[in-house]
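Just passing along the structure, written as structure tokens.
Per-chain residue numbering starts at 1, and chain names A, B, C, D, E and F are given in the order in which the chains are listed.
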Amino acid sequence: MKKVEAIIREEKLRAVIGGLEENGYFGLTITEVSGRGRQKGLTLQGRAREYKVDLLPKVKVEVVVMDSDVPLIINTIARLSRTGEIGDGKIFIIPVEDAVRIRTGEVGVNTI
Amino acid sequence: MINTGDTAWLLISAAMVMFMTPGLALFYGGMVRRKNLLSTIMMSFVCLGLVTVLWMTYGYSIGFAPSTSGFFGGLGFVALRGVGQEPSAVYASTTPHLAFMVFQGMFAIITVALFTGAVVERIKFSALLLFAALWLTFIYSPVAHWVWGEGGWLLEFGALDFAGGAVVHINAGFTALALVLLLGKRKGFPAEAMLPNSIPLVVIGTAILWFGWFGFNAGSALGSNGLAASAFTATHLSAATAAVTWMFLSWRHNRPTVLGTATGAVAGLVAITPAAGFVPPIAAIPIGIGVSVIGFYSMLLLKERLGFDDSLDVFAVHGMGGIFGALATGIFASTAVNPAGADGLMYAGFGLFFKQAVSVLAVGAFAFFGSLVLGKLVDMTVGLRVGSVEETVGLDLSQHAERAYGGSIR
Amino acid sequence: MINTGDTAWLLISAAMVMFMTPGLALFYGGMVRRKNLLSTIMMSFVCLGLVTVLWMTYGYSIGFAPSTSGFFGGLGFVALRGVGQEPSAVYASTTPHLAFMVFQGMFAIITVALFTGAVVERIKFSALLLFAALWLTFIYSPVAHWVWGEGGWLLEFGALDFAGGAVVHINAGFTALALVLLLGKRKGFPAEAMLPNSIPLVVIGTAILWFGWFGFNAGSALGSNGLAASAFTATHLSAATAAVTWMFLSWRHNRPTVLGTATGAVAGLVAITPAAGFVPPIAAIPIGIGVSVIGFYSMLLLKERLGFDDSLDVFAVHGMGGIFGALATGIFASTAVNPAGADGLMYAGFGLFFKQAVSVLAVGAFAFFGSLVLGKLVDMTVGLRVGSVEETVGLDLSQHAERAYGGSIR
Amino acid sequence: MINTGDTAWLLISAAMVMFMTPGLALFYGGMVRRKNLLSTIMMSFVCLGLVTVLWMTYGYSIGFAPSTSGFFGGLGFVALRGVGQEPSAVYASTTPHLAFMVFQGMFAIITVALFTGAVVERIKFSALLLFAALWLTFIYSPVAHWVWGEGGWLLEFGALDFAGGAVVHINAGFTALALVLLLGKRKGFPAEAMLPNSIPLVVIGTAILWFGWFGFNAGSALGSNGLAASAFTATHLSAATAAVTWMFLSWRHNRPTVLGTATGAVAGLVAITPAAGFVPPIAAIPIGIGVSVIGFYSMLLLKERLGFDDSLDVFAVHGMGGIFGALATGIFASTAVNPAGADGLMYAGFGLFFKQAVSVLAVGAFAFFGSLVLGKLVDMTVGLRVGSVEETVGLDLSQHAERAYGGSIR
Amino acid sequence: MKKVEAIIREEKLRAVIGGLEENGYFGLTITEVSGRGRQKGLTLQGRAREYKVDLLPKVKVEVVVMDSDVPLIINTIARLSRTGEIGDGKIFIIPVEDAVRIRTGEVGVNTI
Amino acid sequence: MKKVEAIIREEKLRAVIGGLEENGYFGLTITEVSGRGRQKGLTLQGRAREYKVDLLPKVKVEVVVMDSDVPLIINTIARLSRTGEIGDGKIFIIPVEDAVRIRTGEVGVNTI
């Protein structure tokens, strides 16, 4: 199994979730994150003082799938979250050694 | 001669109407996406500063100084000359002229703030400032003169507007319409869900608006008397009825939402505004029901069907609500309630109703076309709309270099 | 004859009491879990709509129209017939009758909102609406008649209730008790920690409540006079004393909490409510201390020891606080403060104290048993409690299809 | 004799000033880091409790009871003896003495709350409580006597302070200075960015402050008359002008920030406080501009250049703003506005200006050195500052065992 | 070393933390997340418009432990967060190659 | 590739980001988390009732880098976030099998 960890734009989340659903992937976990990549920084201002701020809100989507599903998932996410502008995000593939469904206690590939 | 009770009531009413503008800032602020929260708040909040300064330097004079044209006042009150601690010769004869002037100023402030709801999430802040200043000068102040100023043509004509159905709501509503036409839709509308970032903030805003509206409407009696109590009651009953009505409408379509109930309350307050001191309080029930039905379906129609991106539905709530309220005044007004008013359809012929319709048309058309011209002017000079990247990043960062929740990482 | 100063004071007081209900919505809303935040707000907020409409159509008549039974008023004031711009023949003789009516309406609204705190996080919204309507009709309006209505039996009997210790707080407290018995505990209580989602929201709510309570208590003088000033002072001093007392109690048990201090302030306001216009202001010190000690330990006893899941401690704060306040009125009341009052234990015999005890019992029992019956009725028809999954998911989503912070992912 | 209109105005003003303290709690609370949010709120909120109790038991007497020294009042009004429903012999002759006393009490409360802004995020809660009690007794109450008490030496001397430029703002500002000297910088200052946790909360606070300030300033006319209207107008115009000015200053340095605009509004309200009932309203324009320029650059200088860690810039806004306002009163005051006032530089010689300067020096020095002594005393007994780990963890957890957003995991 | 990554119900967090503590595991990291699995979706409503929302709040608990501890951890978490109803959550096992204690600079297994 | 996952104090975030930047690492993702390690617990109080709370706010910094960069990253983060007091945090190294740049669709090491 692999964990596909995609960091995408907030406004693309609905589309990505929809796309995964269409392909039959329902399970996923979302986290609100902040990120920086090639996107230019910004400057924030306090009462009289300035602060550089270069983190922008992003959303992390985690989907654990069987190894064979990885290309399709990558494809789906990338297609639906692309705008072509800097800041579109990244997808990372991380190995998962095991999975457990808490409700039933089952383990392995059929739990995801 | 100054009456202390009337003066106390007018002063506290002015304070309450002042309070409405930051209330509106929160009401609107809660409804946008988090990245535009401060920017939305700022568009209303800055009016407290900008409009006050302009109003006291010359706006009040354009609106209320004696004139002969009937279209705008003279320069008699510029920089508060002649506006003193004694009552004015014509307005609010039992309270200091300054109290009347500052009370009127609060109306100017919130009217400007109202239409910003249509353009949030994409207008350039500098453009908004410039437009607001022009609009106050060339649209708001003259319209106030037409309707409330000594010798104003709509006043002479006999149109009734107790607390600003035309001056405030129709005016703001049609301005919203014009600005949306000039600005276009928000990036991502309607494909992306744009859920309100904080409904508790919307509730806080609604609470302040409702509270302040007693000053707005009952304060417009300009005295602490039976008429004020009657306007107060009508105001409360209309808000309540409309809130419940909108709640049931949203229930019919899915669930009884808090956002819908709050919106209904505001719509009810809008509709009763022109009528409050002319109609019997119990008429607030049909008015409250009517405005919610009209507002709810206008919103569906404009936004869902026609894809018209008036961000926070200013036209549906204030434009349509104001029109309905002005016409309803033509139906339910009664001289038994206010001898200075007139009798509406229910008690007499079409006379008043017709006058109300004329005032709707006149104010609506003037606000719409005037705003188109002023907006175009601003667009050609500083530019109306932020860049695409700025819109994506959000106006809080791009226009104000601030984040609502600065301590957080996001 | 209408006095403009008295009228200004009554109108602004009515506006301030109106403001308390959304204040309560925020006070309660901050204390629940985030998934029930909007639902909790809504339960109070909707009362502004629902109760207003019922009050003006018939509730006020049941409460205040002339009658002979002493138990409920007639139909003389239905749909505001006979309630006009002139003063009423019996109530508040220097202000418009409409002002008195709308001021009273604000009390009805908040009383209904108060008891919702006991049932949040698990009651069905439709059930709450139905119960609220029945309760206003069959419990609140009659009790208001007993205590304040012309010819009301407790009024005739000589029980004192300046601003609603019995009508508002004891009434709401015992209703809360009955509803908790019918509804049972929240899922997960007491095993799971149910921490308040936002104490800043609680503080905003407390601030509005404290501010509005000046209208509630000092406004109940129904005039702008020495008595109003006295009630105002007593109100402020009681809130302050109780806040500090509760703070020190929470300190004794661990740390001086903000939540405890805010709760103490509210408890202090509750206890002074029946007493404000009858006792010398300095009596607010023992009253403030007393109510916090009683409230704090009632809460510990009920919730921790007895496992009684009155979600937001309505009985401990309003029920016990109201009882204590009513009895304290029987101790500290003095005709030197208010000639229309009576002398309490401190200045005379047990007479007044006894009458106060009777009013506590009568109102408490009526509210409790009446609410049991009405609640059972609602349970048998629409059902009182949401389903288990709906409770887990939270009432915001399941009852209102909304999320407080819609822009966020969670 | 009691005038109902004047009384209504004074009572509602007192309520509005009361509302300012929780407003300030939110204003300050929004500006700190989230881990200190509740603790910051609490420092203001607790004053509503503590100061009220002390004020009514003896503070008012020290401030306003008749005396002969000119430095502090007698014990004539201890525990509200002699403070009743009738007007006082010397103060506010048309309203109940109790109303005047409670109105004054609200000023005492907020003054204590004001200086807490300088010491948030690091002062021990117990130390704050103790210091507040001592300060009210030995600094605030005497200074109130000097400036406003019957026979107070600054009053006799002829210094003008309409609503508390010296008593409230200079007093709080110099106390802030002294406490920061004793406490030292926050851990991590200035290396770590300490961004405000919630600017919407700051806006809510500002809104309440602005609203309440009408009671503060126009209420200080102690009657509902032309002077009140004039003070009201000046207050609003100064806030507006200063808000816009600060906005443009922050724009010059980067962007027009919401935080800056809100800060400007507060600065404008501070500066007009001593002047409101003495200067023509239009003088609020130069006053508003002046205070923002002075405040903005004082803040830059103190915090950025000198690294002086007055957490929420109490000295820059209230100290400098109060000084500027007091001196501006010496420039713009006119007996045409208020015959009980005097003529400033614009209309007469240096007389008044000199007196104003003396009052600035006297109050500033007394507050500064007095606070140094009291603060040192507290430091030697309970200790002023929390431990280093407690500061890192945050004062919410370490002092109050609470978290602002308890439902959240963080 | 392994990272045990459990996505559980919010209301079970206290119990899970307590259970881990009893077994001697103190170190853990918690993230607020949102997730979807087999749980049925819900519909949200705006002012007049509807939105489908199918993400529900969950909590992610991350515990990095020695390989040999994994079964016990899984067991503890699963036992204490189970309700038997849909939405109980999942546990994923992810390899961790190294660990550092920042305070001391130590590396490896004894840091966790 | 590896994911360097550091759990650090909030107030050190700016310094860590700055340090990474100086070394030429721009891309990173931040998450607000809560954690517990050896730091002593605290007790929270409700209206009248007490709750033990032992989670303190932390920040998770994730940086995906080439294998060879790991030591430098660890070093930089550890140096800049250390106070020497308990609660400084941990760094975990997790394998990443692949990475995708959404904007361009590129895969592999050169995307990060």
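In the analysis below, contacts are C-beta pairs under 8 Å (C-beta built on N, C-alpha and C of every residue); 3 or more make two chains touch, one makes a residue touch a chain.
Note that this is a predicted model, so its numbers are computed, not measured.
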| item | value |
| --- | --- |
| Chain pair showing more contacts of the two, B-C and E-F | B-C |
| Same vs different contact residues, chain A with chain E, by half of numbers used | different |
| Averaged-CA centre spacing for the pair chain E and chain B, given as whole angstrom | 50 |
| Rounded Å distance, chain A centre to chain B centre (Cα mean) | 43 |
| Interface hub residues of chain A, defined as touching at least two other chains | 30-34, 43-46, 50, 55, 85, 94-95 |
| Shared interface positions of chain B, touching two or more other chains | 3-6, 8-9, 12, 16, 193, 195-196, 198, 204, 224, 254-255, 257, 259, 400-403, 406, 408-410 |
| For the chain E and chain F complex, residues of the former touching the latter | 1, 3, 17, 26-32, 64, 94-103, 105, 111-112 |
| Of chain E, residues touching chain C in the complex | 11, 14, 32-34, 42-46, 50, 53, 55-57, 85 |
| Chain E-facing residues of chain C, complex | 35, 188, 192-193, 389, 392-393, 397-398, 400-403, 406, 409-410 |
| Chain C to chain D touching residues, read off their complex | 3-6, 8-9, 12, 16, 33-34, 195-200, 203-204, 206-207, 210-211, 214-215, 218, 223-230, 232-233, 236-237, 239-241, 243-244, 247, 254-259, 261-262, 264-265, 280-282, 285, 337 |
| Residue numbers on chain F that touch chain E, as the complex places them | 2, 6-8, 31-38, 54-55, 58, 60, 74, 77-78, 81-95 |
